[in-house]
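Shared between the two complexes below is subunit A, which has subunit B as its partner in the first and subunit C in the second.
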Partner chain A sequence: MTVAQKTAGRKIVINPVTRVEGHGKVTIHLDDDGHIKETRFHIIEFRGFERFIQGRPYWEAPTVVQRLCGICPVSHHLAASKAMDVVVGVDTVSPTAEKMRRLMHYGQTFQSHVLHFYHLASPDLLFGFDAPVEDRNVIGVIKAHPEIATKAVLMRKYGQEVIKATSGKKIHGTGSIPGGMNKNLSIAERDELLRDIDDMIAWSVEGLELCKSVVEADMEHLLAFGTFESSFVSIVKEDGCLDLYDGNLRAKDADGKIIFDQVPPSKYLEYIREEVRSWSYMKFPYITSLGKEKGWYRVGPLARINNCDYIDTPIAEAERVKFVALGGGRPIHATMAYHWARMIETVHAAEKIKELLNDPDLQGEELVRSGERRGTGVAWIEAPRGTLIHHYDVDKNDMITLANLIVSTTHNNEAMNRAVKRIADQYLDGQEITEGLLNRIEVGIRAYDPCLSCATHALGQMRLQVQLVGPDDAVIHEKFRE
Partner chain B sequence: MSAQNDTPETSGETVKLLIDGVEIPAREGQTILEAAADAGIYVPRLCYREGLPPGGHCRICTVKVNGRPTSACTFPASEGLVLENNTDELNTMRRQVVEMLFVEGNHVCPSCEASGDCELQALGYRLGMIAPQYPYQNTTRELDASHPDVMLDRNRCVLCGRCARASRELDGKSVFGFEGRGIGKRIAVNASHGLAGTDIDAADEAVAACPTGCLLVKRQANLIPVGKRTYDKTPIGTDVEA
Partner chain C sequence: MAKPRLATGHFTGCFGCHMSFLDIDERILELVELVDFDKSPINDKKRFDQPVDIGIVEGGVSNDENAEILRDFRKNCKILIAMGSCAITGGVPALRNTMPLKECLEEAFLNGPTIGEGDGLIPNDPDLPVLLDKVYPCQEFVKIDYILPGCPPSADTLWAALTALLSGEEPSLPYELVKYD
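Now for the complex of A and B:
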C-alpha cells in the first residue's frame, strides 16, 4: 500500500488496497479544515468478459466466464451452467448432477471463506489494526500462530480437493456443463474426502470460535466499526432456509421487514437495476422499487444469515441462533459481523460436504439431461461473497448475443463506499493521518471480501437510457443511445 | 484449391532404412513416416492423418534424409536411406513451427473444448513448448455457426487441410478448400452462406479429421471429464511407440 497525501489538493489516496482480490484504490477528499468531504472506493482494473463472450457458443460460457476469477471460479462456472440449463431446456438437472454441483460449490465456499478469514482478514483481527505492517500479514500469522496457519492451509487444500474431485481441476475445471455434469464421484474419491471431513468440521468450528473471541473481546468497538444500516439481499429456499446453490431472491429492509420474497431468476430485471458512475469500473445496483438513492443493499454472508429463517445443518444453525440474538429482532448491521457470519457459513459448508459425501446419489449414472432450446437463460447462485447473477441471450445458431453478470462485489459497491465514508468519519476526521488509521479503511473494505476482478467484467459503450417522466410518474418520452 | 499430393505408389519390396542409427524395415515406396510408425518410431506430425493422402503442409514431420530436411509424410522409403528424426535440432525446429501456429491463430486452450484432445496442444506439450516466443498476431478469424450441428471456428484453424482431404476422399463431398494467400489464407466452404449451405453432416470424416477445436460437432463440449481425455494420461505419439 502506498499512501499519498496532497496537502494542496486535500486528497488522500490509498493505492492499492491490500489483502483483497483484485486492484482498487480509495480516495478521501478533505475540505480546507481537514474534515472528510467525500470518500470513494475506485475499482481500477478492467476485465471485459460480458463483451468478449458475445459471439461465442453458449456451451463455452461455463468454462470461459469462470476465468473472471481465480478465487471463486466455481461460482461463475456453476452460475453459467445453471443459466445454460435454462437455455438447453432443462429445468431440473438429475439428482446426481445437482448434488455433484452442490458438493463443488460447498467445497469452493469452504476454501474461499477460509482463504479470506485466515489469509486476508486474520492479520488485522489477531494483531490489531494498528500493529506494525511488517507483522500484520499472513507471514506474521504463520510466525505467531503456526498451528492456526497450518490448519488454514490444510482447510483450503481440502476445499480445493473437493473442487478437483467434482470439476476435474482445482482451479478452472470443466465438470459442470449445460444440462448437468460430466462426471460423478467415484467411491475412491468419496472415501478420500470422507477421511478428513470430521477434522474440517472441527477446525471450522475452531475458526468460528476464534472469530467470536476476537469480536467478544472488543465487542463495543468492533460492532460499531464502520457500521451503518442497509437492506439485505440473498437467495433462500421456498421455506426460508439458507441455500447457497439455488433458490429465490429475498430482500429485507434495515428493520428486517420483507421488501420482496421468492423472486425467481427470470424476473430479476424487474427487481434490480444497475447504475453507472463515471469514476469506477464497477456498477451500482439498486432495488428498483426503492430507487437509486435508497435502493442500495448488501449481499454476502451477513445478508444471508440475516435473511434466512434457518440453516439446515445443526452446528451452523445453533451458531446462527446465537448470532442473530445480537440484533434483538432486527438484522445485524455491523460491518465486522461479516467475518462472524462468514465463519458460520464455513461450518455450514463443511457440514454440507459431509452430508453430501454420504449420499449415494453422487455415484449415480444419470449426468446430463436435455430439453427444448430457449433463447434466454438467467440463473443465480450464492457465491462466497454474495448473490451472483448470470443472464445470457443465445441466438438460433447457439451463439451468445448478450451477457449480463451482476457479481457479489458489485452488489456491495455502495455498501463498501459507505463503509469507507463511515470509517473515515469515525477515525480520520480532523486527525493527523497515520498508516494505522488508514489501515482501518482497508479493514472495512476487507470485511466485505471484495473480489474486484469479478466485479469489473463489462466492456464497450454503456447503453444510455433517457426517460422523460411526467408528474404522475408516467414515461412521456424515452430515448436510448447504444 | 491447393493441389493435393497422392499417396506414393508402393512396390511392396522390403528395403532397409537407418533412422537415428537404428535399422528398420520398410516397404519400398511407403512413406518414411509410415515405415517409422510400423517400426514403433514416432515422427511428430500434424497435417498427416492415417487413411488420408499426405498433405505436406505443416512441416512438423520434417526429418533429415541423407542430411537434407524433408517432410516424412511425403517422402518414399528406399533402400539405404539414412534418417535423422529424434534430434535436438529437429525437435527444436518442430517446436518453433508449433509456436508459430499458436501465435498465428487465436488458440485459447484454457477455455477451448478441444483441450485435452487437441493435437496442436498435445504437440506443444510433447515438444516442450513453455510459452510462445513469437509475437501474437491477433488476427481476426471468422466463426461459422450457421449449420445446426457443425461449427467452424477459424480462430483455431492451423490450415492443415485434413478436413478438405477427408471431405473429398472419404466423404465424397469436397465441402472444404483453401482460399487466399499468405497470412490471409483461410479454410473456405463450398457455399456462399457458410456451412449451413453445404451438405456437411456431423458424422462426416471431415469433422473427425480436424486436429484442433476448429471443426466441431456442436453441443459436445466437455462431455469427457478432465483425466479421461485423449492426451490426459499419455503424450501424443505414445500409441505409435507402443
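Now for the complex of A and C:
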C-alpha cells in the first residue's frame, strides 16, 4: 500500500465497501490545515432503467423493473404493480389480491432484514469492529456461532418460501400483475407455511434480543457512533399506524414535529425534489419546502419506527414502546439504532405473516379487477430499506413513456455521507487511514443497509476503497479492503 | 489436503444470482466444509493473492472497472463460470444497448420529473469508472468455461453444477434445472 506524504491537500479513499457489494467508494477530502472538509460516498455504477423501459408495454414493468434488484425484487415488483393498478383504473384491488401482495411483502421484509442483520451486519456486532477481516464475515459466524447461523439460514429460507408461494419464484417472481394477482394461496401452501410460523416469530424475537443485548452492553459508544440529527420520512396509515405495504407519506423533523403528513402518492412531485452531484450516480433527494441544504432526510426502519404512532401487532408494539422511550419524547437519531429498529420490524413481519395465513381471503377467487385506463400511475411502498417510489406515464398504445424511480437507498444518500463524515471526524487521526477507521466507516454505511443495486439503479454489496484527498485533489493516502 | 478455493464476483446485474446462491439454504453449512471462500461480496477480501479453483461471476460488463475485475478473475481462476442471464447475454441492463448511452444519462439526471430546477447535471468525476458504450456479456472479454442460464439460475442448479465440479466431474444438469426465465 502506498502512502503519499504531503503537507496539504489530501484525499482518503475507501474502495470498495464490502458486505454491501455493488460498487461503492468513499473519499475524504482534507483542507490545507489537515481538517476534514468533506466526505463523499460515491455510487459508481449506472444502468439507465428510466430510459430503456420507455417504449415497452406497461404490463412488463412489474417483472422487468424488479430486475433493478435481486435483493428486494418484491418491493419493485409490487411498487410497479401498484402504479400500474392506477394506470389500469383500479383504485382498490380485491381483498384476495391485496392480502396475497401483503403476504409476499412481509415475506420479503422478513428475509431481507434477516439477511442484513445476520449475514451482513452480525459479524461486526458479534466479533467487534476491530476483529480480523478473515473472521468478520458470515462464514466466521457459521464457524463461531453455528446455532445462530443455522437459525439465520432457516429464517431467510422461510421468507423466501413465502415469496415463492405468493409470486411463483423465490427471486423475480411473476405473481403480481396490474389490477391484482395471478394466483391465490392453496390450502396446502398455507398449511406448509403455518407449520413453522411460530418458530419464526420466536426466533425473530431472539434476534431482536441479541441485537438489544449487543447495544445495551456498549450503549454509550454505540448510540454516539456515527450519529447525527435529521428529519425522517416514511409511509403511515391514515391513523398513523405503521404500514409497510400502503399508506400516505409523513415527514417529521429532528424534534419529531410534523413537516407534512398524509400526502398521497399522486402529489409526490409537490413534496420531493432531487439534486445531482457530479461525483455520484446516486441522486440526493430533499423536501422541496425546506430546500437542498435543510431538506434532506432519512428513511428505512429507524424512520418508520420514529414516525409511526403505533404498530398493529402485539410483540412489535411492545418493543416499539420500549425503543422510543430511549428518545425521551424526541426521535432516536443513532445510526446504530437502525439495527434495533430493523429487528422490531422483523418481529412485526413474522406476526403479520401469521395473521394473514389465518385469513380465509387468501383462498378467495377474485384475483384481478379492471377499470378505465389512465395515463399516469404513481405508487409507493415501504421496501425493507425505506420508501420506494415508482412513477410511470403510459401512452394510448400501452407503451411506457416515462419512468421515475426513487429508491430507498437514494433517500438515505445524504445521511450515509453524513455518517461517514461524522465517523471520520470521530476517528481520523493524522493523515493516514487506519484499519480501525476503515472498519468503522464500513460499519456506519452498513447500518443503513444500502442496496446499491437499487440505487444506481445498480447493485447490492459494495467493496470499499477509502482515499484521502488534498486541496489540490491529489490522493494522499489510499486504503483498500483486502 | 487444502480445500478448493471458491471466489464469486459481481458486475452489472441485480445481485439476484448471488441471492439465489444463498437459497441453497442449509447446504451453505455443508459448503463451508467443502471449500474455502476467496474474494466474494459476502466477505471483506478485495484482491486475489493465490490461485482459485472455481470463480463464479454475475452480471455483464458495463464499465472499465467491471472489465478489469473480470480479467482479474480469469487470470486467477482455473474454472470460470458465468452465472445468470446478465453474465451470459448482458440481460436486462443490456436493454440500453438499443439506444445511445447519452439518452440514458440525460433521462436519469437531467429530465427526471423530480430533478429540481438547476439541480440536474450528468455525473462526471475521476472517481467514477468510465461507462462503456454498451453492456457486454462476459465472454466478449474473457474465455468462459461454463454458463448457468436463468434469471436467476435456481439454487438447485447452482448446487448441482458446483458439487459436480468440486468432485472433479463434468456437470450434467437434468432438463428441469436448465431454465431461462
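By our rule, the second predicted complex is superposed on the first by the 439 of 482 C-alpha atoms of A that agree within 3 Å, B and C clash if a C-alpha of one lies under 4 Å from a C-alpha of the other, contacts with A are read in each partner's own complex, and residues count from 1 in each chain.
Basically, a contact is a pair of C-beta atoms (placed from the backbone, for glycine too) under 8 Å apart; a residue touches a chain by one contact, two chains touch by 3 or more.
The model shown is predicted, which means the values in this text are computed figures rather than measured ones.
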Output check: A:354 vs subunit B and subunit C. Expected answer is one of first, second, both, neither. What do you get?
neither
Scan A:330 for contacts with subunit B and subunit C and give back first, second, both or neither.
neither
Touching A:37 in the superposition: subunit B (first), subunit C (second), both, neither?
neither
Is A:398 touching anything from subunit B or subunit C once the two structures are fitted on A? First, second, both or neither.
first
Scan A:172 for contacts with subunit B and subunit C and give back first, second, both or neither.
both
Would you sort A:368 into first (subunit B), second (subunit C), both or neither based on which partner it touches?
first
Examine A:57 and indicate which partner it touches, taking first as subunit B and second as subunit C; both and neither are also allowed.
first
Please determine whether it is subunit B or subunit C that touches the greater number of subunit A residues.
C
Just subunit B (first), just subunit C (second), both, or neither: which does A:182 touch?
first
Would you check which partner chain A:29 touches, where first means subunit B only, second means subunit C only, and both and neither mean what they say?
neither
Return the residues of subunit A at which the contacts from subunit B and from subunit C coincide.
64, 67, 172
In the complex, go through subunit A and note every residue touching subunit C.
13, 16, 18-19, 21-23, 25, 27, 40, 42, 44-48, 50-54, 64, 67-71, 73, 115, 119-120, 133, 136-139, 142-143, 146, 149-150, 153-154, 156-157, 160, 170-172, 268-269, 272-281, 283, 285-286, 288, 292, 391, 402, 404, 406, 442, 453, 458-461, 463-464, 467, 473, 480-482
Subunit A touches which residues of subunit C in the complex?
10, 12-20, 22-23, 25-26, 28-29, 32, 37, 41-47, 49, 59, 62-63, 65, 91-93, 95-96, 98-99, 101, 103-109, 112-116, 119-129, 131, 151-152, 155, 181
Looking at the complex, which residues from subunit B come into contact with subunit A?
110-111, 113, 143, 145-146, 151, 218-219, 221-227
Within the complex, subunit B is touched by subunit A residues 55-57, 59-60, 62-64, 67, 88, 167-169, 172-175, 177-178, 182-183, 368, 397-399
